[in-house]
Amino acid sequence: MHRFANPTRFLKLISALQPWAMGVSVLCLAAGLYFALIVSPADYQQSETVRIMYVHVPASWMAMFCYSAMAGASAVGLIWRHLTAFVVARATAPIGAAFTFLALATGSLWGKPMWGTWWVWDARLTSVLILLFLYLGYMALEGAFDDRSRGARAAAILAIVGAVNVPIIKFSVDWWNTLHQPASVVKIDGPAIHSSMLTPLLLMAMGYTAFYFWVMFVRVRAEFNDARIQALRLRQTEA
Amino acid sequence: MDFNTFIDMGGYGAFIWPSYGLSALVLVAILWQSRARLKRSGAELERLRHKDDVQEDRP
Amino acid sequence: MSPLFALIARDIRLAVRQGADSMMVIVFFVLVVVLFPLGIGPEPAILARVAAGVIWVAALLAAMLSMDRLYQSDHEDGSLELLVLSPLPLELQFLAKAAAHWLTTGLPLIIAAPLLGVFLNMRAEGFGVLLAALALGTPSLSLIGGVGAALSLGARRSGVLLSLLVLPLFIPVLIFGVSAVDASLTGLGAKAQLLILGGLLLGAAALTPWAGAAALRQAAE
């Protein structure tokens, strides 16, 4: 890992990986959509609305994955003072916020026909809403300082503090009785859903994950460009 | 399967299509914004570097 | 006097000398609560139903309002650098600061709460639990808010930013604080909720000093 603390090496790595992330993402999403909308059957209980699952569940996974990545990168940045890690965390935040928003919005669109309401204040929904606020707080704090590195470090501490929310989200459906159904894929005794539904779900999840890396790589490269622009401007005003 | 039953989705099309549409919209938006940013910063960097070279070439 | 208590005493002395701060928080607290009967109508049954929630939300807002001053003046006049350099561990200083904040805002809020319960027509059985829940919950608010205050030191528009950072983290305290009162009013007993509030306080007391001290250290750099 320390090898890639060097920005040049890291940039080279992500520039090489970016086409792969893009390819995997586009292929998996195309195949996933085909299976999700055409091949997979309707659920006997939830009928056609089960198709919302294929965009809702991957978005929720990614909401938590991105937060974990952001908090992990923040911890690496604080402990080893790797500036590259802060850049990864900063690039991850808006993507994670987008996934969290999608998880809430598609969940709402699924809740209306299934539960008869757009929103309930149960533990799962509330904790995901808090996650969205944590992302927004992270981005606000990160951009609120004239000194960029001060903002990066302050936001990193916030990301780590907010990480207590991630296990709460994960286990909220087991700890409290809620309308939200418990996990049916990630279980110790194997997934509880049929393979005809598991295939599109996993394809979409892989597509979303690759999409995250794709966009994150693009954002990291833009961040590095910005840093260089700032350095050049500084040099030119001094010259 | 004809087109209308596909759009109707057993009466739930009004919920299913917006959730797919919104997902596509948000993901494409963030991708587009990120790429635009990369392009803009890349162009700006080129411009500054060029200016830098010109300055250094001066006697 | 040990340096820890000296620090708490200094903060309280500063708060008392500025006097207005603590008073303003209480007036704000009462005002917010008074807005509710005017906003949702004076129906006693409705007010009694929402009383605990309204008092808790007002307490969160009041606690947050006084939060951004916690390190601001120390940051501006440079005493923060001295505190960071002092031999007393910064984690303990963070706890001392939070304790001082609680004594000057949390405690007055608890004292004012029964009066507001009367305003909102809360049933008499709920008062004891409301006070117990506030006593267990408001110190957590001071601790969590302290981290937010340390993080937003020197930021642009730090007041609004602080509320954005801290209010989401206050939500667990709010949820269990309100449900403690509701449970006792429906005769279920509030022991579980009070235990959770106590657990949140212990967790906050154990974890926030590290985050707060890290934030202060890099604010003073």
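Residue numbering begins at 1 within each chain, and the chains themselves are lettered A, B and C in the order written.
The working rule: contacts are C-beta pairs under 8 Å (C-beta built on N, C-alpha and C of every residue); 3 or more make two chains touch, one makes a residue touch a chain.
Everything quoted here is computed from the prediction, not taken from an experiment.
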Tell me, please, which chain's centre (mean of its C-alpha atoms) is farthest from the centre of subunit A? C
Would you mind checking which chain's mean C-alpha position lies nearest the centre of all protein C-alpha atoms? A
Could you give the separation in Å between the centres of subunit A and subunit B, each centre being the mean of its C-alpha atoms? 17
Between subunit A and subunit C, what distance separates the C-alpha centroids? Give it in angstrom. 32
In whole angstrom, how far does the Cα centroid of subunit B sit from the Cα centroid of subunit C? 43
Okay, in this complex, where on subunit A does subunit C touch? 78, 126, 130, 133-134, 136-137, 140-141, 144-146, 150-151, 153-154, 157-158, 160-162, 164
Can you name the residues of subunit C that touch subunit A in the complex? 147, 151-152, 154-158, 161, 164-165, 167-169, 171, 175, 207-208, 211, 214-215, 218-219, 221
List of subunit A residues in touch with subunit B within their complex: 33, 37, 42, 47-49, 51-52, 55-56, 59, 94-95, 98, 101-102, 105-106, 109-110, 112-113, 211, 214-215, 218-219, 221-222, 225-226, 228-229, 232-233, 235-236, 239
Residue positions on subunit B within touch of subunit A in the complex are 6, 9-12, 15-16, 18-20, 22-23, 26-27, 29-31, 34-35, 37-38, 41-42, 44-45, 48-49, 51-52, 55
